Amino acid sequence: MKRTRLVFSGSGGQGVITAGIILAEAAVIYENMNATQTQTYGAAARGGATKTDVIISDSKIYFPEVVQPNILVCLTQDSYNNFASIIRPGGILLTDLRFVKTIKKIDAKQIELPMYENVIKQINKKVVFNICMLGALIGITRLLKPSSIIKVLKKRISKDFIDINKKALDMGIKMGREFKK
Amino acid sequence: MKRTRLVFSGSGGQGVITAGIILAEAAVIYENMNATQTQTYGAAARGGATKTDVIISDSKIYFPEVVQPNILVCLTQDSYNNFASIIRPGGILLTDLRFVKTIKKIDAKQIELPMYENVIKQINKKVVFNICMLGALIGITRLLKPSSIIKVLKKRISKDFIDINKKALDMGIKMGREFKK
Amino acid sequence: MSVKDYIRERFFPHIWCPGCGHGIVLNSFLRAVEQLKINKNKIVITSGIGCSARISGYVDFHSLHTIHGRALAFATGLKLSKPKLKIIVPMGDGDALAIGGNHFIHAARRNIDVTAIIMNNRIYGMTGGQYSPLSGLNIKASTAPFLTIENDFNIVELAKAAGASFVARTTTYHVLEAVTLLKKAIKHKGFSVIEILSQCPTYFGRKNKKGDACSMLELYKKNTGKIGSKKLNNNPDLIKRGIFVNNNKPEYCEEYEKIIQKAATAAAIRQI
Amino acid sequence: MSVKDYIRERFFPHIWCPGCGHGIVLNSFLRAVEQLKINKNKIVITSGIGCSARISGYVDFHSLHTIHGRALAFATGLKLSKPKLKIIVPMGDGDALAIGGNHFIHAARRNIDVTAIIMNNRIYGMTGGQYSPLSGLNIKASTAPFLTIENDFNIVELAKAAGASFVARTTTYHVLEAVTLLKKAIKHKGFSVIEILSQCPTYFGRKNKKGDACSMLELYKKNTGKIGSKKLNNNPDLIKRGIFVNNNKPEYCEEYEKIIQKAATAAAIRQI
Amino acid sequence: MTSKIKFVHGNEACVRGALYAGVNFFAGYPITPSTEIAEILSQKLPEQGDKFIQMEDEIASMCAIIGASLTGHKVMTATSGPGFSLKQEALGYACMAEIPCVIVNVQRGGPSTGNPTHVSQGDVNQARWGTHGDHSIIALTASNHQDIFETTVNAFNFAETYRTPVILLFDETICHMREKLIIPRKNDIPIVNRFRTSLKKHVDYHPYLPREDGRLPMSDFGDVHRYNVTGLFHDMWGFPSNNPKIVQELLHHINDKIENSIHEITKYKEHYLENAEYILISYGSSARSAIHMAKNRTQRGEKIGVLELQSLWPFPHALVREKCSKAKAVLVVEMNMGQILNQVKLALGDSKNVFLANRIDGNLITPTNIKALLRVIQGRGV
Amino acid sequence: MTSKIKFVHGNEACVRGALYAGVNFFAGYPITPSTEIAEILSQKLPEQGDKFIQMEDEIASMCAIIGASLTGHKVMTATSGPGFSLKQEALGYACMAEIPCVIVNVQRGGPSTGNPTHVSQGDVNQARWGTHGDHSIIALTASNHQDIFETTVNAFNFAETYRTPVILLFDETICHMREKLIIPRKNDIPIVNRFRTSLKKHVDYHPYLPREDGRLPMSDFGDVHRYNVTGLFHDMWGFPSNNPKIVQELLHHINDKIENSIHEITKYKEHYLENAEYILISYGSSARSAIHMAKNRTQRGEKIGVLELQSLWPFPHALVREKCSKAKAVLVVEMNMGQILNQVKLALGDSKNVFLANRIDGNLITPTNIKALLRVIQGRGV
Amino acid sequence: MARLKLKEHLINQDWCKGCGICVHFCPKKVLKLNAMERVEVLNPENCICCKFCELRCPDLAIEVLTTQDGKHD
Amino acid sequence: MARLKLKEHLINQDWCKGCGICVHFCPKKVLKLNAMERVEVLNPENCICCKFCELRCPDLAIEVLTTQDGKHD
């Protein structure tokens, strides 16, 4: 049984929930896996802290929440402070250089990437920050094929925006792979 | 244990329910008895058939409905046809000469009095028909003291109408007593 | 067909009190339908709870006797789901404007093609004479032993403000007018409201010393004036009768068809 | 006292989105209360459910956050039971006029001394942008993907028809006017309604391409005109701002005192 | 001086009890068979300088009394089936916000409009479960007018003691029949009044922090303590919170304050219960038939007793278990499809000898109806 | 061609099921966490030429779908706690007038406004007892999206088969989480359509006279049969009646048509149940945790099984009795104070070994929560 | 339109509740209530066939049958 | 009334949500949003103390402290 447990956390406008959904949907529809996605919901969605749990597995998933993620993404300092400690020992903790100062000593591979900065510099549309993050994640973990993500994006997003999303994804993948090396 | 079970039946405007309430109230408040009064209620109250059950007793009354009345009053043909058969053998069945043709052979003392006719003739206010009926009943049975009824009337009715009510009551009592003789 | 062909004779005599205005409304309504010659199977009459609401059981149409105050919400479901039906909603003043006030203003706002007949006796008849939002000031009622202090709604103004596209008022005295206005209301495309002042001699009349049904009808005669009439011009404080609103705003179900067109187009484009 | 003295600082920053008009309404409201110098203990603020309704938690008065649509019914109980209190009821357009429409027209009819502040963003903000009875035609909403076909209420007309004795309208752009009108509404004896057009950039703005909060405020500036102003006279189709109704009808709780007087007399007579 | 002996219907007995208990605010909307309660109060309340209001519907009535309770009044509303259904949302609010109030439901035939002028006891479970979400509730009943009076007083007392809505679950028969009522003298029945905080201005008052004894002192709206009341889960100041610990504690508090007080809340009567072989469990008007029947039979030497419940919720499982431990059979006598029956089964665990004597056709169950079933159970001819 | 594999939240799974079942009229009023159902249908229904309407409140929504059902449509509304409370009066009307309709309640934290964005299963008993008067009801649930889909189809099928409202009792967790859904092909799940009378014009049609097989053929409003529908007790033509015999028969009919069909209505799943010593009974999202835990433990050799209920009302007492007959202990896993627990106790009679594993703080109960309790029962350390 | 001529007043005594509306508002005093408080025709010859009695009867208890003047049907 | 003179813009960065309303509607372009999308004072000297920024801030995040011209308090 292969099972990956992910938590993406950040703040309202950063699109972490969308990122979680895209990832899980890609896994289910294009890679024939099972996946669940849940989120903290509600007033929090208006600018406060947000968090989404994603489980990807080749077998059935019952309990859909992630208690100890293998992969944790924190896009704000707050979320880092809140969640860094729940990571599974040896897991991967991805943060954005701009928003998070990693301070804690954690038994995990801490990866800090300048995703936001690069997005702003190269695309100048912060809406695709989350897609860049997804790219980085895939670059690091090879969890899914990039093409699966792109197929999902094509279904969800109007044509005019596909290109910048692809660009953000590629950028992320590159950063992730490079880090891996 | 002394217990009298009465049913008054008639049609909407005849005031049988009020008569039942007055009788029961008189028993409770001025003669230190127990009494219950129930009624068929509702749309029926608008002109249709009406019926009230009264139980008067020196002990506690639990089940408040009258299955077999000792005393049955029927003021319309309909009510006579419906209820005559439920009377307790040997009971008293009082009807008004004007409205009811007694046809059935019944194991009860059937008493037909020209109450309505007398009320119209002597008082010319049909609203007091029911009080006349109460008078007749008391005249026949001596169930309660007339003064108890009058005390209740005084509480419930505005001064201007007391006199005609008294008159109707007396008229009834006289008819009842005379019949008794 | 005669009026009798539109009723369910086996339930007569009806339950209303002698002289109750609701019977006259029934009478006028039957004549209106008869004169319009609408197919009985095309009419749904739906009502809430109250003396007035009982009208639905007496007429030989599809009849839906619902819960207190909600008839217009049921009517909305009936109409939108099957727009070819004629929906008639007879309502008491309490049913329409106490518990049911919200559905009333929203049906008016949507301008859905339903006819609301408000049988306004200014009292809750069915439950025994409590005051209603139409009683108005200084009325005696079983819950107003010291007379009412509440203002009444002006049904016409309220219906108008909420968006009804046909609004009229008449009384049970003015039966010819009632038949005419009912016909117009029923034929009207859009939300039509007709308020018919209807006497409740048993409670409103008795408690307020208005005399019997006949005297109450006399009062309707005396205290009302037809829009445009001399009588009304001379006494502008009289209760106005006639048609207050009559326009051709877009009707809800017809507008909905446009949504369906748009949606079909959108779906088709998505398929490409 | 300063504005900060009227809020519960520990709950700030509040939950509203950046640029949400409801914050501006709060701002104006606080200034109105500050300028009126009403004792904080004399004010009860009671609200239903919605983004707008959350205002009650932020102000340092007696605060009653109730259920969706019913705030005016709670308010009626509060006021009638303790008439010396000032009752303020901030409401969303859905809260006030979708589910709460009936309580709105009845509070107006009774002319009970309560101030209803309708924060009209033409959308259900709290639940994510569904259309409301104030959206009006051709609006995109999460339950109107093909644009709305429903007419909107005219709050001013509805309040007037129902009987409110003070009715005014302003916007979150016109903050000085808002403060002035709020003061008048609060001081008014009787049911006072003040509609404040309030932007929801998150749902109404985004779905309908109205731009950000600033652009929406610009639209309020552009599309409205003050009653009596030249601008309005030249463009009578603009949304009107100002006071529409302001009269001195008898107020419900004061009238109730008369009932108590009469009852006391009646009881006294009975004792004799 | 007016006499203290009255001949009244049950609705009036309820009103008299409420007035004795100190009701000073009523909001309602008429509905058969509860309307007389509003009608009488529309006269009595203004006569004593207090407020009666007829609202636009039942929802508004329920909301209005909650508002009035918060200003420090003893409040009540009265309704029947359909109106009781409409009040459920706001009733849940009163549970959550812990607002003392009394709601009368004079039961009539249901579901839906059903049988407005006929009797039933079909809303027993609705009183417990009618609103969404978990909560606890107090529901009381009575079988005669003296008890209606006292039960109504108790309802107000419980509402104040536990800061909770209390439901009076009467029925059409009992509320429309007339019988004797003797109004107790002042102080004959103790009255619990609003328990107000003694904290002074500027001292931090916690409207939702139970004291040692479980009670929560209140502060009237308009007084010196300004706090928040909400139907959201909330902290001790009344401000919204999603904190799991606070949510859980609040739910337990709302539940426990009632369930743990079951001994104080439980009211019942025993009729011929000692040594009874057959026990009838009943309440409300159907209890009259049960007692009638038991009395009759006992006089003939049979051992039939009645456990009359006067509080239905929280259901007194332990009491029922204790009283029925030696019975050959238990008959639940009620006018529904067995709502209290299920509670009795839960109480007794073993339900082999638990039976239902019911009637659901709109008529009061008769002693004969009960006897017929009992004979079957006894294996005897009728 | 659009793919048949979807990645959707539970609300969408429900919508997809409803569309598959043939829903063609929806009226609703938004409320978290059920709103997405309305939102998606506001697009899908007009796309297929059908009607969606957002009403002024939940009461109106419930009334509107009843009206639309009478014209022959398959109708649905969706809501959550507070809205479900508001629908109760009209829901009772649908029971009484026997109108097919489907009501979704996506449960959130209660009572009152409670915790709109958090999970609970607090409305289980309300679904059964929320409206006044005695009646029966069908309430179904599901723990994953494939089952939500199928359960929704069943709901429509039952509504049509039994001429009754059917309640879909989902919860916030399951309806907001996303997972895979495979849309079945046409005819993979059988569909029950409106059973219409075959009687011709002028033949006396009895809308309320059950046939031999218990079903009542309907006639659309607008067709040739003009009859009456009312919430009062009524005769076979739908006209009001107080006749005790008719009242009693109608009440029994409304009850029996459901209770006697419990075998057809009951849906459940077994997980590791064979030879299980410890049985977890659960439903909805909490069943996911129960199954997770049972699977884990079973893999470690423990004998723990799950009986997952997919129909809650009518409650399958006999099924529970049968499945649990050999269990050492039964744990009911739910997110309320023990609503299904009580039914399980009623089913098993002896409740010594029946336990509640619950969580009520707004968070999904975890496998660890359940395990902790199980260890206590087993007398083992955690 | 030709003038109407009275054929007959069709009175349903079982439905009539004796409210007196038809009597009171008959312009020609054609009708009266009898001792049982049901309506009766007093002066049919005076009837002008205005039909107000029929139109105002709350109980659908009275119908004015007419022929057109000079015609029979 | 004497003219107001600016003392200080009191800005609560924790409350400001960067909606830009104060910036957009300041008649004198006194304010701006910084990189963190919070408000900052750009040209205090231009401020005419109209206080519209304060009045229109949805977050009560900005206060314009003033002295009356020529006076100190």
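Going by the order they are written in, the chains are A, B, C, D, E, F, G and H; count residues from 1 in each one.
Going forward, a residue touches a chain if its C-beta (ideal position, glycine included) is under 8 Å from a C-beta of that chain, and two chains touch if they have at least 3 such contacts.
Remember, predicted model here, so these are calculated numbers, not experimental data.
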Between chain B and chain H, the fewest steps along chains that touch one another: 3
Chain pair showing more contacts of the two, C-G and C-E: C-G
Interchain centroid distance [CA atoms averaged], chain A/chain E, Å: 55
Centroid spacing, where centroids are CA-atom means, of chain B and chain E in whole angstrom: 36
Centroid spacing, where centroids are CA-atom means, of chain E and chain F in whole angstrom: 30
Length of the line joining the C-alpha centres of chain A and chain G, rounded to whole Å: 87
For chain C, residues contacting two or more additional chains: 16-18, 67, 99, 101-102, 106, 133, 145-146, 256, 259, 262-263, 266
Contacts with 2+ other chains: residues of chain F: 32, 43, 46, 56-57, 82, 89, 93, 112-113, 117, 230-232
For chain H, residues that touch 2 or more chains besides their own: 17
Chain E - residues contacting chain B, complex: 3, 5-7, 32-33, 116-117, 172-173, 176-180, 288-289, 291-293, 295, 364, 366-368
Chain F-touching residues of chain D, taken from the complex the two chains share: 49, 67-69, 98-99, 101, 124, 126-128, 130-131, 133, 142-146
Complex contacts: residues of chain C adjacent to chain D: 99-102, 105-106, 109-111, 133, 145-147, 149-154, 157-158, 160-163, 249-250, 252, 255-256, 258-259, 262-263, 266
Parts of chain D lying in touch with chain H, wherever the complex brings them together: 3-4, 7, 12-14, 16-24, 26-28, 30-31, 172-173, 175-176, 179, 201, 212-214, 217
Partner chain F, residues of chain A touching it in the complex: 21, 24-25, 28-29, 34-39, 41-43, 61-65, 67
